[in-house]
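For clarity, chains are labelled A, B and C in written order, and residue numbers in each chain start from 1.
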Amino acid sequence: MSKISILGLYDNPDSAADALDALSESGFDSNNFDVLTGTPYPEGAFGEHVPQHRLFRFPLFGAIVGLTLSVFLTSTTQIVYPLITGGKPILSIFAMLVIMYEMTMLSAVITTVIGILFESRLPNISMNVYDTRITEGLIGVSLVCTSDKKETAERALNGAGAMEIKSSGR
Amino acid sequence: MIEVPVTNNTEKFNSATNSLVSTTKEPLGGKLKLIFGIFGVLSVIGIISLILKITTLGFDAKSGWGYYAAVVSLLLGVFGTAPMVAIAPTIAKADWHRPVSRIATMFTLAGISTSILAIPLIFALPPLVVDGIRRRSIWFDANIYTPHVFFGIAVIGLFLVGLGLLWVTSIPDMAIMRDHSSGWKQRLGKSLSRGFVGTEGQWISLRARIGMMGTFYFMFLIFVHIIYSICFSLELVAGWKDAIYPMYHAATGIQSGVATVIIGLFLFRKYWKLEDHIGIDQFWALSKLMFATTIFWFYFFICAFMIFWYGKSAINEMTIAILVNGPYMPVFIGTLLLSFIVPWWIIIWNPVRYSPWMLSVVATIVLIGSLLDRIRLYVISWQVYSDEMIHKRYIPLDEIPENMIAPSIFDIGIFIGFVSLGIFAILLATRFIPVVSIWERHQSILLTRHIKFHRTEVYAVGKPD
Amino acid sequence: MQQRRQLDEKQINRELLNGNLETPKWYYPVMGVLGVGVLIGFATILYMFNRGLGVTGLARPVYWGLFITTFVFWVGISHAGIMISAILRLTQAEWRRPVTRAAELLTVFSLLTALFFPLMHAGRPWRIAYWLIPYDWARGIWPNVRSPLFWDPIAIGTYLTGSTLFLFVALIPDLAILRDRTTGIKKTIYSMLALGWRGNPRQWQLQVVAGILLSALMLPIFVSVHSIVSWDFAVTPAVEGWHSTIFAPYFVIGAVHSGVSAVVTMMCLMRWLWKWNNYIRPEHFDALARLLIIVATAWLAFTFLELIFSLYGRDAPEIALRELQIFTWPWNLIFITFLLTGYVIPVGCWLFKRCRNNIAIMFWTSILVNVGMWLERFLIIVPGLARKQVFVYTWEGYWPSPVEWIILVWSFAWVSFLMLLFARFFPLVPLFEAKESQVFTTEMKVGRATVPMVIRE
């Protein structure tokens, strides 16, 4: 059976929250519907369920990679070109520290940004059904379901006071 | 915009007033007398040790004053900078500080220890002219006792401004004590509240006075740290030239001040049963401050160390030997571990920052680190000082002592005794001044709300100015 | 005093995208003038490459002059972004919201510009590859990691990459708004850049967490960058006035002072040019000026300590240097101008609420600060190298040549040009922050008074 994407548009947060409740009551899995806003709202404002993210692992991983790379870079370049400057030892830990620090941080930042995109599921190529008025203040409740459940979904969305309902097959 | 319901807070105000006023009565049952007794006896031991040290050692044997100077420096941080935890967030208009500010400000009372200890040290400090020759000093050609006089005035001034700050921030609570207690507390409340009844004009002037006293305290504190660090350690070592050192001293002092407040907050919250007034938010905010100051330790250290290590001149090598890899290297390693690596690694984890108990453990580690840090800086400064050496361009590496000196029994007595004296002074004050500021608690009740936000509940904070 | 107004999302979109969805009348003339400046600058740079560094005023013993001064200056300005964006985000200062994007942008463009200066200063910039890139160019000779000149590009590269990514992540929700308001090729480009943002709770949650996490990561980088720039000077034991332990934090706090002042200048321009009076309000200037009073005073304390300790050692060459810097013509004029413009006049003004709330006064005082801060760097670098001491007779040798002055002016035109170019295609005030501020603020009644409230999760 083909999957379709449905979007209900609401002009206030309470109706959108009601729509989420109605969808749950109609037996839809909370992983299949989502609320779309143009503004960040406090967590749980629509009674939505957001799974725990694992963003904090990314910088840790990046830091370890960056540190390893920098230790390799700083030590090998000094060993293969053993030029004594200013009476310093060939492996000058304090000079290496600076490079190690910067490369560790750089790698942590890059992996964090990768982590942010990954955990936000971006880039998101299939936009499903969408309405540009969401970035103008309307609140969208979007749902992916099989086409036989379209009517149930629309009933639930309408029951909560949807201004408009859009759908698209996929 | 979400609606905030108008609430009647009278009941909450009354309950906060009653519970906080009652903490001045018998918070620990009969045990308080025992605790008073213990700290009192230890304080007396400290004072006796001080007298014995002065009479047996005299002021000429400079190397004997190193540990003593380290204790004064530690107390300038531990007790002296603790009130900054109340002042800085007030200036930044943060809202978490309200239940913490009184405890932090009460550490100004412990400044009595620092003030008493500082005076003999002034006599031990050599004048600016030694053996007829002027030694290097930031006072240049000033009168030969200028640092002595200025430091004396500054340290006593700091104590007095601190008392002023505590008094000003407590005026509304004094008025509450006047209205809600009896006997000597009522009389004292009446005289100290200076007729405060809470008119709009009185509140405006109170806020202005708190701002002014806080700024004064901060300026005095930085001044004291700058003078003390330079005159009582850096200038005693020929060749040690380190412009960041006073700021290092102040920043690490603030680190130990934050640690002190965390421990104080933890103990008062637990034993004075203040869980309703002091929440986890306060520990969370303090943990961030502690994290920042812990990183400052390393930053200021590496800023100086890098320059000396790279410079590699004889002066630079001497400075590294004095501060890092010389006789006090084990102490330095202890400092590095306890002031930076261990607390940083523990506090980086979120669950620790939510746990008052764990945070207090970290704070204790930081305080031990601070003590070691002060030992590494001050003991050797006084150890290498001699009337001949001070005029040299720098101390030759082979003349740097090979071994550490140990603290005398009097030094240990002074350390324990004067820390106890500070704690004793604070405990004494808790019999009259509520450890959580009642008027700021009322302000919290008035300005913060848990409100319903569609399907969730949020915390809203009023920002009146 | 409450200056905030309740605005709906449509109005926010309309007002804050007024420079993106249509072209302001002043835009092309201004860009034209700046463009000419940029072209003249690039032509001068090419002329200098062709003729060699002899066309500058650099001469023995002063080999670091205006280029290095301006390099330090622009790295300093770049500290605006993270100071405003990261520190104020971590401390949950509500007033940061309209300023963050512009500050981050200033970071990126000023760093890009700063990088030009050491490249130009090298005379033959392509040769920098030899000592920067870890590749065996010349049989067994590798970059020297012990040299602070190697640390610099690594630190600045890290900061530039980090800031650019930080800027991009916070731009994604606003790109989605632009995607929804445009058509044709523009829509396609914005759609690609917005990466398919839909605005579900998870994406918003990560946007907030990302702001905090990236701030926490960028903050230590921000401190390290200017510290490392300062070590270019401070690890040199042979130059009087440079070998000081205070240099790293002194440079950092000076950078914050000049960077935040530059943000103030930019905010004034944003308010005047795009008429964003609903978003950039006097209360924001007031808060920034208060912050600047503290920063400037801390910076002055560091300046004072640096000076005291330079004299403390009683070394003759050091004292001679300070005499040159403070009392000898024309350095004495520069010194007094630096003190007046860097601290006395601006802070003197900011002490008064009326001045803090006056946009024109804030504009001119913030410019004065940066005049002072540029002079400060010039005063640190040039007299130190002039070596006014026994047996040195050439210590009046350096004064920047017209080529150097033109390149200095070019750098300002270049940064402004890039900023305006960006502002034509992307919003300078983060729209989602402006909208979030509407959701996360409310009011309460206390007696007859209305008190603004901030919502925390």
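The rule we apply is simple: contacts are C-beta pairs under 8 Å (C-beta built on N, C-alpha and C of every residue); 3 or more make two chains touch, one makes a residue touch a chain.
It should be emphasised that the depicted structure is a prediction, and the values quoted were computed from it without experimental measurement.
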Comparing each chain's Cα average against the average over all protein Cα atoms, the nearest is chain C
Interface with more contacting C-beta pairs, comparing A-B to A-C: A-C
Calculate how many whole Å lie between the centre of chain B and the centre of chain C, each centre taken as the average of the chain's C-alpha atoms. 35
Approximately how many whole Å separate the CA-defined centres of chain A and chain B? 44
Which whole number of Å gives the spacing of the CA centres of chain A and chain C? 30
Name the residues of chain B that each touch 2 or more other chains. 306, 310, 312, 453, 458
Using the touch rule from the top of the page, what residues of chain A touch 2 or more other chains? 41-43, 46, 86, 88
Check: chain C positions touching at least 2 other chains come out as 220, 438, 455, 457
Contacts from chain B onto chain A in the complex sit at residues 305-306, 309-310, 312, 453-456, 458
Provide the residue numbers of chain A that touch chain B in the complex, in ascending order. 13-14, 17, 41-47, 86-88, 94
As the complex stands, chain A meets chain C at residues 34-43, 46, 48, 50-51, 53, 55-56, 59, 73-74, 77-78, 80-81, 83, 85-86, 88, 92, 95-96, 98-99, 101-103, 105-106, 108-110, 112-113, 116-117, 119-128, 130, 132, 134-137, 142
Residues on chain B engaged by chain C in the complex (per definition of touch): 1-4, 6, 92, 94, 136-138, 140, 222, 226, 241-247, 288, 295, 299-300, 303-304, 306-308, 310-313, 316, 446-447, 449, 451, 453, 458-465
Which of the residues in chain C end up touching chain B in this complex? 1, 6, 90-91, 94, 220, 223, 227, 231, 234-235, 237, 243-249, 301-302, 305-306, 308-314, 438, 441-446, 449, 451-457
